[in-house]
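Inspection log for the structure reproduced underneath, given as structure tokens.
Labels A, B, C and D are assigned to the chains in the order they are written; within every chain, residues are numbered from 1.
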């Protein structure tokens, strides 16, 4: 019988991987760093989504609602008043948490596809709002913010890596903590979990807040990396699809699988540049094959291989 | 005048919504599948019709027929390559199959969309209408194609109603949507019922796609919004309920048209989205939802 | 273009990319002696975008065939941005920090160019856009010239476009057809804000009263209500500002048989495939353009179109013309600057005076609210006014370049005398 | 008794729309006492249980836990106050070990409790030891035998030492040996002072454990008292056994196909995951014979019928007229003439009565179908007047008749009837009973009937099998039933 890795072991292995990736800037080009920077932020999106879906059991088609709210709040604030970036980040995160609460209200009432629709509609309304309130948001052209954190590729990379590592650590720790257990039980069988004496609504609400916190903060940080907030980057359903696909092919209910999925998606898209226009097609096809043949994702595949040894 | 305009224009667009949503809800009602490649299939049908006519000069009728055929073939491929393997998979827990089918059909839709963009660019295309010209109804100049669209939509819906309520095979489909076990116990192979449903769905998708291509035009970008709108209409009406979808399609269609006429075309979709949220809060199972 | 051509071409491109990748390894050392590299970031799947790398490649090959720039070859490195601002930023970073390009030609989408603009400043790399129209691009430069000066607007701004539409409108609509009233119909997008403001200002000046102004969401698919609303105002002409919304307005204009001509900016109409995409609904549509088939705007226009057609099998989009010119004047500026240093290159580009395929190109100077925008007017860029007639784009304006006469489909009722 | 009541229920009422599922129910359970709450399916006992723990909000009445009024509270608060519930079907955490599953139940309902601590784990270990799970602590639930999964559920329910423990169908799916150990476990709980409510179908299954029994039927109390009192109770006897039995069995030797019976089942085994639903079941049915399979709920009747109908995978053999049925699809078996009228009825609720019948007669030509419908209307006259009504709006009895009629439309060689009496009023039972008798007298049809209601099962039967805990424990003529095994059926 195979023994699962303990939380500490996983954190140790992850720390090692992070340490190795941290010295990458001394070896690889700025371009690959830029690629990984984006992949790390996407990884955080995917991990935050996994907390909601994999643990709390909420099918959220609109992770970009939380991300978009965070990103645009931070961007608009910077554009209007140019406070220190840290203030913008805090405001974006806060707004995303409020968004998370708004989203959580129907989630406590609706199940499955019905809640899924609400999240979808939330994204559509947000993107409509961005276009309609073009004065404030820059419309579908996008909002260019005056400040970025830094233009140095190495610094940006380390920032994203650090943020991803810390977020991943916290989310993973939470998922393995007593709260993670309760959340998972709530997602699987809310009636029984209630009867065990747990306030399922309270825990789900907490999951929404945590997920919104990381989604919003990551979104806000990414605004100050790109220097621009646009519907196509932060809100659009295609971005939501990428996040969900990253989390699913990385391995659901693993938290850290989301990072693997994100790095794979963005890396594959890049590696496939030679096939030109077909790269998205090929990446989708690979992801579909993973979903069809390896339903537990990369991490599931990995643990199967380990089990076979 | 404005009243008549809204009435007539709203009717055509609503009929089209209704036809698109009917197939979507039928497939959910019978086999429990939410097919997120719905929009991509519709676009593929429309582009098929467009391509045969524009690239090979086949004419409007042949083009439309080819478009519908494209829809049917791709729908069956969707079922056999994407949906069926997941439904049969022993490695995925039953309660997780829903999210897997959602993800897989989503990816499949993107693949179709990308292939269309690759071969035919993502420019918007409109299918050559079978009928051209305009007609005056109640002093509103209405394109003949709009009337044609509404008629075909209703003919298709009526035909569907007839098949489902008046033929043996159709009855089995209807029965299976209420109780698949009951159908099996009466000696009807569920697997053939499923194939029949997917074929019907394919026809509906094909016809809706081609009509959409004639009426409004499509591009590979339309796939996502089309799926989203079918999804909202179907959930609004109550998942699996065909009459519910019809009502929801008209509610959304008219709400959009009224907004476009009386407020501003820029806000067209917003009230409909708010309506969805409102209904979800008041009636969490949709207008006519049962489960 | 036929699908199988594309497959073959895809194969060739793959092979080319492999060779490029190999040669890049050896060439990266000798920066100043190696080839001049120009990055092209564009939307490969759209008709307007796909011409950009093709036209740039054509220009580079022509320059190289004549011995290059001071002996240095010109090399185009292209990136597909999938119409996404985020992917464009990534491509821009890659172009600068990995592929060490000397300048970038980027996109026809304003969203993308605006996203890249700060990066051009941060990475101090010259960027020219062949097709974006937003006035904000140049306004940004004016606001903070020293930082933002690396961006050049190689296409007309919306404000400039509205002026050109009015110029043509005066001759064709007011003088020619005695029209008096107009409705402005434009998509609700940032690029149309200055365009509409321009229309509102210049249309009354040429004698067209604006009786209504309709802005609609770029996601609109059903235009019936919009056309009905316009018709109710009984204007003589619809002045358009449409791009992202695609072919739908045109198709429904025809199917609904709206008896009022459309005139103005309609980016999709400039594509040679527009007739096919709209099943001929384009017939009679009037649109502003910087170039047109068979129209010798300058002596370079027709040879370019021919070469492009021979090489790629279709006609270039409007962004193709500008991208082609941009490679020429970029390399020319590098030659004049005697260096690929970005600051020297900016200085040289500002002195550009180059006759390209769309006219004589000069940039507005420091101090202008639209610094680094193209100068327009007689002797510089006047633009054209074309009409779709029987599957062809026919130029009507200016008169000296006209190739045909105004002609409307039967459902259009031009009757300004009522 | 002098001890204060730990659980005190009075006037408890729960309505679903127009249906009154629980009507004015009241009872008490003291600490150190086991009360059996029994009632046939549909009697409202599960709803009563859910209303007590707060999963369903009661419409009226009071529920007191150790004196505290909790009616209407959310279930997590009731649980925190000291109510543990052992669910019949539960979904444990698949990716967590048994130990972690038990630890879950010990966690505080707090968002600030972020670290696992040793003491909680120690407590979890002790609880596991108490229920006998120590050897499997580190295993995943999916690898456990079914009995251990039930133990784990008990461990979770008692983890925080609740005052009241509710157990839903304590012995369903357990073998007799496992049942014994499990009963021992529950007894221990009682002896350590818990108040225990066992919810089950009949007296017998809780007889050995319960100190008192409370019996329900269609939402109402019918009897209360010691096991012996309730077993003697007239109403209970009528509900479970009915009146006196008259049988009219034909001798087995009278059937022509003695060597190769119409249906032969041999060493049938069926598993649902870990739980064994059928164990080495063998039986046979002759052509034209009427065979009843008698067994309590959960004994395996439905599983047996579903195996014959090809709807669940099995090991062993099922022969029809000497040829194996394995490999045929469920629909093909039905088309071949073995038609099931299922327990859950599986009607097409939005279709009319007539349409439901038409669905059954799909393969018939129009004339034959018409003839058959006429015949069925003579068998069930009420259906004729309800022709246009949609099936979902029929009463339970009418639905049952429609289900049987729909199966008969298939013109079956053999009709499998699964629990046709479930939740029906006695007057309806009589009508159905008459129809079956008519069927038996006037047609050559073979019938395999599954029933927990002995009164209904015996009169028509030529032969009877008794199924208990997944096994056939008795076989014989109905006349011998009462004397040999009848007492088990209360």
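Everything that follows uses one rule, which is that a residue touches a chain if its C-beta (ideal position, glycine included) is under 8 Å from a C-beta of that chain, and two chains touch if they have at least 3 such contacts.
Values in this document were obtained by computation on a predicted structure and should not be read as measured data.
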item: If a chain touches subunit C and subunit D alike, it appears here; value: A, B
item: A-D against B-C, pair bridged by the larger set of C-beta contacts; value: B-C
item: Of all other chains, the one whose Cα centre sits farthest from subunit B; value: D
item: Whole-Å gap separating subunit B and subunit D, where each centre is the average of the chain's CA atoms; value: 43
item: Subunit B and subunit C, separation of their C-alpha mean positions in angstrom; value: 36
item: Averaged-CA centre spacing for the pair subunit B and subunit A, given as whole angstrom; value: 31
item: Two or more partner chains touched - positions in subunit C; value: 45, 188, 217
item: Multi-partner residues of subunit A (at least 2 other chains); value: 128, 132, 277-278, 280
item: Chain pairs in mutual contact under the definition given at the outset; value: A-B, A-C, A-D, B-C, B-D
item: Complex contacts: residues of subunit B adjacent to subunit A; value: 34, 82, 85-86, 89, 91-92, 96, 98-100, 102-104, 106-108, 110-111, 114-115, 117-118, 224, 228, 231-232, 235, 239, 266-267, 269-270, 273-274, 276-277, 280-281, 284-286
item: Subunit D partner contacts - residues on subunit A that touch it in the complex; value: 1, 3, 173-174, 177-179, 181-182, 184-185, 188-189, 191-192, 194-200, 202-203, 206, 253
item: Residues on subunit B engaged by subunit D in the complex (per definition of touch); value: 93, 168, 171-172, 174-175, 178-179, 181-190
item: Subunit B-facing residues of subunit A, complex; value: 53, 59, 106, 109-110, 112-114, 116-118, 120-121, 124-125, 128, 132, 237-238, 241, 244-245, 248, 277-278, 280-281, 284-285, 287-288, 291-292, 295-296
item: Residues of subunit A defined as touching subunit C within the complex; value: 29-32, 34-35, 38, 128, 131-132, 134, 138-142, 144, 148, 151, 153, 226-228, 230, 232-233, 273-280
